[in-house]
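Lettered A, B, C, D and E in written order, each chain numbered from 1.
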Amino acid sequence: MKDYFKIISYVITVVVTLFIGLSILAIIVKGFPDLREAFLNRETQFAVRLSLYTSSISTVICLLLSIPVAYTMTRTNFIFKKISRTVIGLPMALPYLVLGLCLLIVFSSPMGKLLRDAGFQVVFHPNGIIMAHLIVNLPFCINMIITAFTQVNKRLEFIAGTLGASGFRQFITVTLPLSKNAILSATMLTWSRALGEFGATLMLVGCTRLKTETLPTNIYLNISTGNNDMAMASAVILLMISVLLHGVTYFFNRKSTIHNRMEDS
Amino acid sequence: EEPSEETVPVLEGHDLMIYCGAGMTNPFEEITQLYKDKTGCEMNVTYANAGQIQSQINTAQEGDLFIAASADELVPVQDVVTRSENLVLHIPVLAVQKGNPLNITGLSDLVRDDIRMVLGDGESVPVGKIANKALADAQIAGQVNVVATLTTAPALATALESDEADATIIWKENAKSLSIVESPEMDKYIKTVVAASLEYSQDDEAVENFLEFLDSDDAKNIWTKNGYEIAE
Amino acid sequence: METAVAVKDFTLRRGSFLLKSINLTVRKNEILAIIGKTGAGKTMLLEAISGAYGEKKGRIFVSGTDVLSVPVEKRGIGFVYQDYGLFPHMTVYQNISYGLRMRKTPKESIKEKVEHIAQLLSIQHILNCWPATLSGGECQRTALARSLIVNPRLLLLDEPFSALDPVTRDKMHELLLDIHQKFNCTIIFVSHDFKEAASLAERVGVMIDGELIEVRNCKDLFLPYEDERANEFLGINQKERRVE
Amino acid sequence: MKDYFKIISYVITVVVTLFIGLSILAIIVKGFPDLREAFLNRETQFAVRLSLYTSSISTVICLLLSIPVAYTMTRTNFIFKKISRTVIGLPMALPYLVLGLCLLIVFSSPMGKLLRDAGFQVVFHPNGIIMAHLIVNLPFCINMIITAFTQVNKRLEFIAGTLGASGFRQFITVTLPLSKNAILSATMLTWSRALGEFGATLMLVGCTRLKTETLPTNIYLNISTGNNDMAMASAVILLMISVLLHGVTYFFNRKSTIHNRMEDS
Amino acid sequence: METAVAVKDFTLRRGSFLLKSINLTVRKNEILAIIGKTGAGKTMLLEAISGAYGEKKGRIFVSGTDVLSVPVEKRGIGFVYQDYGLFPHMTVYQNISYGLRMRKTPKESIKEKVEHIAQLLSIQHILNCWPATLSGGECQRTALARSLIVNPRLLLLDEPFSALDPVTRDKMHELLLDIHQKFNCTIIFVSHDFKEAASLAERVGVMIDGELIEVRNCKDLFLPYEDERANEFLGINQKERRVE
């Protein structure tokens, strides 16, 4: 039975890998001839920079917001916990396009106009890309981190308390490091999603070339122009960034802690 | 007009696969529904923006017809177009916020620095291409304050409605809740909606018949009702 | 005489188990042992004293203040758990130094202190190991070191020597008495070893089925009890009969 | 310090809730007037059914595939592990539109045509919706489940082995239940994403009314034609489904196991 | 005489710790105790015998076959870990019945057997509890019940009675001897209690610093050893000198 299941698992793994691999291969085959051109294209270069910049910033903000929210949800008795959690979960099943439209409505409202006059422009402005990423990613990221914090044994935090750690430091020195893997995984998913997001972005900031054009927008525009090969070339660049990103997370995820006697140090 | 003069063949059991520009969803939906009711022909219409449709046609290599917002959209698929028919006129207009609060009277006004413009993307969006051409012809390209380029005509309209911009160039049917600047300058950019039959089609009978129907008054009425104009 | 711990009519229900109306006073600097049958509620009592249970049926005072009114990090309580509760993501060194780091002790001073206590507990050689790789006795001594190093006013030890071999255990007994003298702390420890209890503590509390039957001076530990269950537990039945 | 951090966390929670809540409010306000109409609309009804059907099926398939793949990655020494893992992670940062295009290319290839002739049509067919959901969700789902399995102490599996459980049953009775929370969370995220996905779907199957039109494509079409209010009405329906879905997961997530002595049963 | 366990020149390095070339033969149906200083490698030796380490410096045979050549579920080995290793997501009942469920035993028969063994180990009252709520001694007995219920041919017990009070411990000793007789199994157990080792086992192995110094008959346990560390560990130094 053991081997039976193993074989099935292997087969499924191979099938899934082939399914995804073949699809990606399509990108590489189509995109490769134009890759050089894409690299040299000023617009593409700008899009790469803007994508990296906005997605990195939005990922950091997303984590900085998600961690305290997850803390509130799992470690305090904040009275609005339940309602907050429900509200935050709502956008998950909505198409990004709709979320973009929502943001457009919100930030075009008198309140949004006030913000703009105060110097924080969102609509048609690169800031909006970050906002779009945030509304797309926050619900997922918060959810994953809540799951992670829930797994941490609260007694270890209490022990940290008896050793003199305040609630905050218990959290920083025990809860957070024990959730490290899950947080890293959440970071990677968030970052990936931010890099690839264009539905909400397009709606909120449009696709002004050399101003609000991210790599996915660039791809969308190219596909919309029937320029599939250039689109695929940009997609190959995204793929490269993605591989790099995986490398980075892998680096942070290196196992330093031994969790098992069977392992050797 | 009397629609039921002609004898309508029964196309029960036939089906058509049609690509249609997303901007024309409303009228075309009505037209196909009417056609289906009349003939019993199964109508599979898929809507998307022109570029996406071109990708789908070239990659999937199937489908019977492509309804495009202008003949320009046929270029990337021209090798597989067997026949194309002009349907109705697609009218681009200079649109401003309701009531024209900034008192814009024509393209030349757009250089004023209190006017924020939004335009369609100049390469991927048909109205965007038209706008670029119009601005260039008016010799004001580069002098107008374009705050953003967007990807669909309705999004441009929405931008004006929510006071994020003051003027734009869009199709007439998108400007229902805006004011249109009546200026003849835009007339030369009028496009024609075309229906192109594709070589992948396997059902000539149904294609022929539907193309005929598109030429009928029944179909044309629906177009005009939605803001399009009949070609002369 | 100052009172270090005062438990007043403390009652706690968990599932079908009931910790029944505990009353206990521990003097400052005293060493109190608690013995009792497995599942009698010894661990629960220690946990309650540490303020781990938020409920308030009865009250518990540590150094004169209600333990629940003080945040855990200000209670000055050290706890060595029966299952050690080491931080799995920190090395032995980091585990032991944790309390000092929370007190922002300078680095060199931390190193010195950790090495000192590690030597006393014979765990210098594993300072860089991860808890998951330690032997039972090594875990226990690490947990002991971790709470001793911050000199808590009150030390709660739950079977702190159970995983040690006799030689090491003797060494630890001496060490504990040493520390008690040096740092003037109050110690409550749970043990299954009557000899150990009697030799380390001044008084011994006997717990059975959620009740704290009696707290006695060590020398009287084996004198007959009113409660039959206690006699049975301490093996006094026979002796008594022989006496009769 | 403790309270300081707590207050900041509360403030952030409130801000995030307001940010998301206001955006959602925009949907409800705009969509509510047309809601009745949307509910009665035959097309919308069809889209709701199709969305529920395809997203549920794709979520189940996604889990059925992800679990063995994660098993292979974390519990076996399959030789292609590393390469599989890398390939599977690649699509994460790609816009869904590109993934749809990839699938379109793959399934329009001679191989795809063979599949179609064998009765499994994908392009322009509802099956394609499921495929689109799969390529969008598999990388995320697999990643989350790998993270979950990695957290499970392998010694418990060994102990199960000494008690007579084969590798397969160790997995079923120990690894899987101990990852329950994370898997539930992954399921919910996957399902949500499937419900809201339209980028890849639109490319692969188009949006033929009463045939391949899902709720998000319906919304997309409505937005593309400037019909924002109808779009928002459909979005409200999606919201309702999402709330229901949260309810369901919450139900399965009810805590039955006590992980802490401080809790009472 | 049949051999149950044969360890041949087994060597294992973990971090800076070395289990040095162990040689050990355990007869079928024998009860062998292993004593030794904390951190000496007792647990590691048991783990190695159970086939937990995939490495192959030296070999280990259980019932005549190389333990690594048989999948773990076919080895017929029961293991009670020092830290119990209970399944946290199963109740005590589910933990105990786990092995029977894996053997597809009928439900009624499982119920009967679990209740029987729970009674023997005095844990009937906690059958519906979750491991996280149990006391140390309750965990230990649950772990014991869980491995006893499937009648393994070879039982490896790592300090199986350390968390029990003396009364319960005595009861468990009797139970173990009972089970040994009834089911004809081979038992290797680790203990820190010399008396316990001597009273339960036929032979005792002494481990120090990763070496298995000697395996002796119980009655000779306190006779002098060649290895000085063993003498010191067993407290023989003084005696020996007195004899001289």
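What we mean here is this: contacts are C-beta pairs under 8 Å (C-beta built on N, C-alpha and C of every residue); 3 or more make two chains touch, one makes a residue touch a chain.
For each chain, UniProt lists the protein as follows: A, D = Molybdate transport system permease protein; C, E = Molybdate transport system ATP-binding protein.
Computed from a prediction, not measured in an experiment: that's the story for all the values here.
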item	value
Chains in simultaneous contact with chain A and chain E	C, D
Neighbouring chains shared between chain B and chain E, ordered by label	A, D
Pair joined by the larger number of C-beta contacts - C-D, A-C	A-C
Centre distance in Å when chain B and chain C are each reduced to the mean of their C-alpha atoms	82
Chain B and chain D: spacing of chain centres that average the CA atoms, whole Å	35
CA centroid of chain D to CA centroid of chain E, Å	47
Distance from chain D to chain A - Cα centre to Cα centre, in angstrom	15
In chain B, residues with contacts to at least two other chains	49, 52, 55, 59, 155, 158
Touching two or more other chains - residues of chain A	2, 105, 155, 166-167, 169, 203, 220, 223, 228, 259-262, 265
Multi-partner residues of chain C (at least 2 other chains)	14-15, 52, 71, 129, 133
Pairs of chains, among all present, that meet the touch criterion	A-B, A-C, A-D, A-E, B-D, C-D, C-E, D-E
Touch list for chain D against partner chain C, complex	2, 261-262, 264-265
Of all residues in chain A, those that touch chain B in their complex	104-105, 108, 113, 123-124, 202-203, 205-209, 211-212, 220-228
Interfacial residue positions of chain E with respect to chain D in the complex	50, 52, 71-73, 75, 77-79, 81, 85, 87-89, 98-99, 102-103, 129-130, 132-133, 146-147, 150, 152
Residues of chain D touching chain E in the complex	155-156, 158-167, 169, 173-174, 177-178, 180, 257-261, 265
Residue ranges of chain E in contact with chain C within the complex	14-16, 35-39, 42-43, 82-83, 125-126, 129, 133, 135-138, 141, 158-159, 162-169, 192, 194, 232-233, 235
